[in-house]
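One structure below.
Note that the chains take the letters A, B, C, D, E and F in the order they are written out, and that residue 1 is the start of every chain.
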C-alpha cells in the first residue's frame, strides 16, 4: 500500500488485514477512488475499527430528521472547534458534496456563525458546539431553541450523538497524527459535469 | 423497570428490548446487582448501544500494558476535566475496586496532580488530559515522556483511545442528562469482608 | 504527633504549640476523633492560625439564613472549581453529615449543576461560583436572582464571604500541599446506627 | 455596482468614490478580475481606506526576508485564531497562489501545527500566534527561536507587524460583517494551464 | 536623542529621519514637551510610521459622535484587556486630560465595569471589549444596545475602528517592548493652575 | 460620616460601632487623613472585621524576608489579575509610597512582566500570579525558582499567604462593590517636600 506517511503509527499491509476490514476498504476505494486515511490508520486495531465504523454508520448513514449535509455540517463545525486537521478537511469534502454549496465547508471551518446556513441550522450548530466544547454547562434550557426550531427529541439525540462521536474521532486523529488524503481538498469544489446526452 | 428518572429521554421497557441487549443488561445485573444507567439510557438506540459497548469492551476488557485500574484512572481523570456526573461517579467506583485504594477516585475527581499515583501514572494522566482538553496542541514531543516512562506505542494508543472514547461518553452523558445509580457511591469504599473459614 | 506527611512544610510538635492553639486542636480531636490537617498545617504560624479560624468560625458557626449544610455546599462547589484536594474532600464529609445526603458531596465535587439541590440552592451556587472564578464580572444584576429566591442581603453577604474565605483557604492548601486526612473519605457515607434501646 | 450584500454597512457607488480610491479599485479589478470586498467595504471611509492600504502595502508588497507566501501564511494562521471569515478565505487564496501548494491554506485554517511547513516557518508562526492571541506574555525569550532559525531583527519586525496589522483587519471584518467574494474559494486550487504552444 | 531604552529595537537619530517624520516629532515635542515613545520607536520604519499616524489621526482627531475623551476611554479599556504597558499608561494620561476626571484612567485600567462612566459609555465599552477580545462572536445582536443608546451607525464604526486600530497598536508595543515615557504618569492628575489675573 | 456611596451595603455610623473597631478606624484616620473604604465597608460585620484585619496585620505588618514594598507589589499584581478596583487603586498607593517609585504601581496594574522590578521580584510575582489564578497547577517545581532566587521557605509562605489573603479581599470587594477613596489616586505620586530647615 503506497499511502504516504499519514500517521504516527505504522500502516498495515492491506493484504494482511482481516477479510471484513479489507473488504470494507476495497469497497470505499471502489466508490471514492481512494481509501481515506481514517480507514487506513484505524485498521491496525480491528476490534476498534469495527466498533468505530459501526458507530459511524449508525449515526451518519441511517434515516434521520437531519439531512446528510446537516450531519456533515455538525462534523466540520465541531471538528473546527478542536482544530482537527483530518476531520475538517475530509468531512469538509463531504459537506460540499452533500450540500452542493462549494463554499460552505470553508466557511464552517472558520466560523459557523458567518456561514451560509439557515436559522434552523444555526440553532443546531449552537447546540452542537456547546456540547463539543463546554458539555458540563449543557442544561435543559439549551434544548428549547432546538424544539422551537422544529427538531424532534430524536433529531436532538442525533445532533448530540454525532457531536459526541466526532469528539472521539477528533482525538483519535490527534493521537495518531492522522492526515487528510490529498484527494479531499478539491472534492466538491467544481461543478459536476453532466455526461453528454447520447 | 423501576429505574428512577435517570435521563432526559424515556427509558425503554427491558422486556421490549432486542434480545442481545436485554441479555447483556441481565448479565450485568447478575454480576453487579443493578443495571448501571449507561446501559439503560443508551438501550433505546440498539445500533448505537451495540457499537458503544463493542468499543468499550475492545478498550477496557482486553489485555493491555495498562492495568484495569490504570484504565479506569484515565476515565475518571479525563471525565473530571469535563465535569461529567455519570462518568466520574460510576467509574470512580471502578477505580476504587480495581486499585483497591478507597481514596484514589475521590482524589482523581478533584485533581489528579495531588492523587496517590506513581510517576508513570502521572505521565499517563498528563498525556490523557492534554488529549482530552487541548487535542489540537498534541505533538510528537508529548509522546517522549510516555516512552521514557516505559509505555510502548501500543500502550500509548490505549491511553489515547480510552481518552477519546470517554470524550464521546462524557458528551452522551451530558446530552441525555445521565445520572449515576445510587449504588455506585459506596462501592469499593469498605474493606471486603472475608467469609469466615468454615 | 504521628500525622503522615500532609504538607510541604514541617509539621509542628503539638506539645510545643501555644496553649490556645493546642487546646483548640485537642478539642477538635476530642470531637472528631482526629485532627484535620488544616489545623496541623496552619499551626506553625500562630497569628495566622488564630485569624484564619476566627474568620472561619465567624462565617461557618454563627446563626445565618443559610443552613450549615448550605454553607458547606458553597465550600465544596467553589473549591471544586479550584480543584482543591483538601477542601473538596474534607468539606465533602461535612456536606454529607450536615445534609444527611450521602451522594451530594460527590455530585458537587463534579458539577453542581447536576447535583441534588433545590432551585434556591442552585441560585446560591451560581452566584458563589461566579464570585469564585470571575469576580471582576460580578454586577448588580447578579444579585437579583438571589433576592428573588428569598435570600436577604445578609444572606448574600454570607454566601459571598464564605466564597471569599475559601478562595483564601484553597490557595493556602495549594501553597502547602495540604492533604486530606484518610478519615474524611468515609465520613457521612454510612447510615448512622441508632444505639440499641436499653 | 452589483456587489452582493457583503457588509453591515451600505456599499458606496464606485462612481462616487474619490478618484484615487476609484482608480485603486479599478486597478485591482483589472488584475484579479473582481474587486475584493475589503476594498468595497472600507471605501466608504476614504481617509481610513488610504491609511489601511498604505499600511498593508508597506508590509505585504515590499522586499523582505520573508517570502510573500510566508507573509500570507502569517495572515491565514493568525486570522484563523480569530475565526475571521474574510481574512482566512481571501488570504487563503493568496497562500495557495504564492506557495503553489494547493493544500496549505486549508491546513493553516485548521491548525498550523499540522500544516505542510518547514521548521523555520513553524517558529515564525509560533511567534505570530503568541503575539496575536496572548501579546501580554511576549517576552525576550520568545525572540530566541526566531534568531536561532535565521530570522533577522528586521524579519521579526515584519512578522510582528503583519500579525499586528491583521489583528486590526480581523476586527474591521468582524465589525462590518465583511464577507469573502465567491471568487476566492477556488483560486489557486487548480493547476495553472499552460497556454498551448503556438 | 537622549531617550532612555524604550524598545527592543535601536532608536533612530532624530536628525537622520525623513523630514516629514522629523517635523511631526518636533511638533509633538513642541506641544507636549516631550516625544512620546510611540513616535520614537516606530520612526525607524518611515512607511509604516506614516500609515500608522495617518490611520490614528483619521480616527482620533476628526469630528465624531464620540467625544475625544470617549475615544481615549476605548483605547484604555481595550488596551487594558491586552495588558499593554505603553497604551494603558500613555493613553491613560489622555483620558485624564480629556475627561477632566483624574480618577477615570486608573479605573478603566483595572475594570471598566466599575469606572465612573455613564450608561451610554458602558454600552460603548461593552461593544469595544467584545470586539477586542472575542471578535469571532460579534453578531448583529451586539449592535442593538448601541443603537438603543443613541449611537449612530457611523459612531459604531468609530468605536469599532478605534478598537481595531489599537488591537494593532497593542501588538506593535508588545513586539517592540515599547515603554511609556515617565512624563505620562503624572499628566492630568493635578488641577490646572489658572494663571494669576494680571 | 460623610463617606460617599462606596458599597452595595449600607455604611454603619461610626459612633455606633464597637469601641475597638471605632478606635482602629480613628487611628487610621489620624495617620492617613481619611478612613480607607475597606474599614468602612467591613465594619458592619464586627467579627469578620476583626479576623480580616488580624490576618492582614499578621502578614503585612510583621518582620519578613519580603520588604513592605514587595508585599504590596504582590497585592497589586495579583489584584490586577482579578481586575479588583479597590485593591489595585488603594494598594497601588501603598506600592508608590513604600517603593518610592511613582511609576511602579501603574506598571504592575497593567502587566507585571514589563514593570520596573528586579529578577528576584519577577520570580516572586510569577509564583504569586500562578497561585492567584491557577492554584490547582501549583507543584513542587514552582518552588525551585524561588529557592534559587534566595527566598527562604518562610518567605515563600509569606508570598503565598499574602496572595491567598488578597484572593479573599478581592472577592469581598467584588461582593460589596467597594470603591477606592479619592485620596488614594494621587498618594505617592509627588516628591515629598522636605520641611524647610528651621
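What we mean here is this: a residue touches a chain if its C-beta (ideal position, glycine included) is under 8 Å from a C-beta of that chain, and two chains touch if they have at least 3 such contacts.
Just so we're clear, the structure is a prediction, and the values are computed from it rather than from any experiment.
Trainee: Which chains contact both chain C and chain F?
Mentor: Touching chain C and chain F alike, sorted by label: B, E.
Trainee: Please tell me whether the contact surfaces of chain B and chain C are same or different in residue numbering, using the over-half criterion.
Mentor: Same; most numbers are used by both chain B and chain C.
Trainee: What whole-number Å value describes the gap between the mean CA coordinates of chain B and chain D?
Mentor: Once rounded, the distance between the two centres reads 46 Å.
Trainee: Chain A to chain D: how many Å between their CA centres?
Mentor: Roughly 29 Å separates the two chain centres.
Trainee: Could you please state the distance in Å, as a whole number, between where the Cα atoms of chain A are centred and where those of chain B are centred?
Mentor: 25
Trainee: Among all residues of chain C, which ones touch two or more of the remaining chains?
Mentor: Within chain C, residues 83-84, 111, 136, 177 contact more than one other chain.
Trainee: Name the touching chain pairs, would you?
Mentor: Listed by label, chains in contact pair as A-B, A-C, A-D, A-E, B-C, B-D, B-F, C-E, C-F, D-E, D-F, E-F.
Trainee: Please output the residues of chain B touching chain A within their complex, sorted ascending.
Mentor: My answer: residues 8-9, 45, 47-48, 50-52, 54-55, 58-59, 62, 82-84, 131-132, 135-136, 138, 140, 143, 153, 156-157, 160-161, 163-165, 167-172, 174-177.
Trainee: Which stretch or stretches of chain E touch chain C in the complex?
Mentor: 111, 113
Trainee: Could you list, by residue number, the parts of chain D that touch chain F in their complex?
Mentor: 136-137, 139
Trainee: Can you name the residues of chain A that touch chain D in the complex?
Mentor: 80, 83-85, 88-89, 92, 102-103, 106-107, 109-111, 114, 177, 179, 182, 185-186, 189-190
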